[in-house]
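Order of writing sets the labels: A, B, C and D. Residues in every chain begin at 1.
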Amino acid sequence: MSRRSGPTAGASLPYSAAARRLADLGRRFYARGWMLGTSGNLSAVVARDPLKLAITRSSVPKGALTPADVLEVNADGAATRRGPGRPSAETQLHCVIARDRGAGAVLHTHSVWSTILSERHANDGGLTIAGYEMLKGLAGVTSHEQREFVPILDNDQDMTRLGRRVSAVLDEHHGAHALLLRRHGLYTWGETLDDAERHVEIVEFLLEVIGREHHGATV
Amino acid sequence: MSRRSGPTAGASLPYSAAARRLADLGRRFYARGWMLGTSGNLSAVVARDPLKLAITRSSVPKGALTPADVLEVNADGAATRRGPGRPSAETQLHCVIARDRGAGAVLHTHSVWSTILSERHANDGGLTIAGYEMLKGLAGVTSHEQREFVPILDNDQDMTRLGRRVSAVLDEHHGAHALLLRRHGLYTWGETLDDAERHVEIVEFLLEVIGREHHGATV
Amino acid sequence: MSRRSGPTAGASLPYSAAARRLADLGRRFYARGWMLGTSGNLSAVVARDPLKLAITRSSVPKGALTPADVLEVNADGAATRRGPGRPSAETQLHCVIARDRGAGAVLHTHSVWSTILSERHANDGGLTIAGYEMLKGLAGVTSHEQREFVPILDNDQDMTRLGRRVSAVLDEHHGAHALLLRRHGLYTWGETLDDAERHVEIVEFLLEVIGREHHGATV
Amino acid sequence: MSRRSGPTAGASLPYSAAARRLADLGRRFYARGWMLGTSGNLSAVVARDPLKLAITRSSVPKGALTPADVLEVNADGAATRRGPGRPSAETQLHCVIARDRGAGAVLHTHSVWSTILSERHANDGGLTIAGYEMLKGLAGVTSHEQREFVPILDNDQDMTRLGRRVSAVLDEHHGAHALLLRRHGLYTWGETLDDAERHVEIVEFLLEVIGREHHGATV
């Protein structure tokens, strides 16, 4: 399996730095309307062997996110540090992606356009983004002629089952930098937290362009 | 009557804390474009028995809201502390919702998308939102398969009459987390002010998704 | 002539307070995208008899507006204090409105939606806004059943001629709170600067609602 | 060749002032969503003879841009000061524009609307913007009756070839204030950095108006 968007061993950050940076990122994505309410989860790898992630805890409003709202979990998604709150149910998806992609960070946001496009293209199993210069901001992409396929998976409240499907999709689409959960939101990742943050911004930008172009297509 | 979105006795806050938090919330909702001009009202329960609410006073620009712009009213909507200004005419609706839902906070915003959808779906008496992960942010909702009905009421300048209609609608739709006044705006509430704030963000997000999907439906 | 939206003698502010508040207002409207580049002009009456206005000077970027970017002009639009820069060509329109409406402040913004609607409804000579609760934020309006007519005038680079047409339109539509210049932008005013600011927010909100509803009307 | 939008010798800034101002500009354009991820490049002329530019270095996230993220390059796009990072591949386009237009600053942004319109009008070789008051913010334009042609060039990863095409287009459309690269973004420039910044805001505003009007045209 090729891992174009994340090497076998992505970066890892000390826990306190990861917590601080995830909190900052959450507040900024919230400001853009990508993490309204308590939606979304952000994680960064803090140890590789065995795998440990810093991840935002469940049900925290992202507009006021602080480092104290971040937990440490192991590869099974169980908390490994004492503290209030519990890991999000979706922690398992973060663990699957960090493991299968060797990602250093996994970011999950809920935006208006990702929600709309995840429904519009659901029956095609995904969405191809091609011909945009902005694609060059994705790790390893060197030309706007890139054909980037963003898989769309049906939403599911059973995280073990959904985790297996995510793993299968990552394996099938080994060049993918992101995936959408239907009527739910975006997952993207990167070798470092900087890469993953850039991927969120690029994919969100491109989904908005495609979403709005589609409206214009009526004429 | 079941009260899934607010128990019989929601939280209450000390008056000064409520005033401070409502002022902060007003400035943030204004920044998002949900309380432009002097539109909207925010309230939080400060005593339960008898009921007292802290509520923003009438005709105050929300972009510069301070704790001094918050009044205390009783269950009839009459001011119970000395100070400048008068309670908003819509105070009665806040009292009805706080009483009937046992809510700890009632928030009323005017957004572009809630205004548009309150008109588009008025003849159906409301709008069903179903299948979105974001619904899980509403109190007591555990799956995206939730079918959330948002009742729409015709607007009215007679607040006593409108209050009775709101009460009847809350009773009929005992699972509702929010309602729309036609060409007017959104009312939502929660057991705590945090819950109510989250409900505003979630409902606004979902209305924007539905509003924009509709446009795309032309193709 | 009735003057429902501004009495014969609106408020006036000391010059230094007016300059400070106009600069602050310009930066905030710029942040909302209503005064991009150097577009728009803001004025407030600083003396009534004879009329003097504080007004933003020509060609100043509004995102960095300071009190030093404000000039004082007389009823003919001529500068009455020493200082750099010259009054905007559109100063004459501000003077006409301040005089004819007895307004204490006149605000002119360029937004995306006012530009679009000023073209879409140009052949009707204006646009009626009716049935929205938000209308109650306009001075003297007490019900959402208000039918607010916003006149649209063809754009013109000859300010003396345009000033006469503005004056005629204000006289014909004595209840109007705002007018649009075609493919140009919004003029609104108020008895005080607070009123005028609120009018900008309300009219911009309603134009956005109407602009977006129109799109949805295809279905 | 006439150079209506930039004289033979535009302004130049000391390097440290240029670096500081470009960093500030990048963060503000990022906040508006015009430079998401690492997209876009900003430059200002720091010496005329021989030509030297301060330019943002390649692959820097614009939301956290600092003066240390700015490089100095010569007319061939080669770095002329020691420091980390390398010039962007698109530096050559900045040099071509600074030289051919005598511009003091060249700004390249990626917005949603410029991307959409660069595709929609690609087959016409460009887009005419006419009749908008906002056009008067472009250098040398004195009436809304201006017919501003914005050329659109196919995107290309070969910067030497693309630079020659840009040069030819600037020569053919000697009155142009901006150009679009297809599915890529906007280039604009000005005699000073202030002029160029204003041109970005004006062109982005007008593209958004035209993009949204087009949607409405279905009715």
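One rule holds in what follows: a residue touches a chain if its C-beta (ideal position, glycine included) is under 8 Å from a C-beta of that chain, and two chains touch if they have at least 3 such contacts.
Remember, predicted model here, so these are calculated numbers, not experimental data.
Q: Quick one: which chains contact chain B and chain C both?
A: none
Q: Compute the rotation angle for the C-alpha superposition of chain A onto chain B, expressed as a multiple of 5 degrees.
A: The best-fit rotation has an angle of 90 degrees.
Q: Call it same or different for chain A and chain D: same when shared residue numbers make up over half of all numbers used at their interface.
A: Since fewer than half of the residue numbers are used by both chains, the interface counts as different.
Q: Provide the C-alpha centroid distance between chain A and chain D, rounded to the nearest whole angstrom.
A: Distance between chain centres, rounded to whole Å: 32 Å.
Q: Which whole number of Å gives the spacing of the CA centres of chain A and chain C?
A: 45
Q: Give the residues of chain D that touch two or more other chains, as numbers and ranges in rising order.
A: Each of 215, 218 in chain D touches at least two other chains.
Q: Which chains are in touch, pair by pair?
A: Per the contact definition above, the touching pairs are A-B, A-D, B-C, C-D.
Q: How about chain D: which of its residues touch chain C in the complex?
A: 28, 32, 131-134, 137, 142-144, 194, 197-199, 201-202, 204-205, 208-209, 212-213, 215-216, 218-219
Q: If you look only at chain C, which of its residues touch chain D in the complex?
A: Going through chain C, the ones touching chain D are 33, 36-39, 61, 63, 110, 112-113, 115-116, 119-120, 155, 157, 181, 183-185, 211, 214-215, 217-218.
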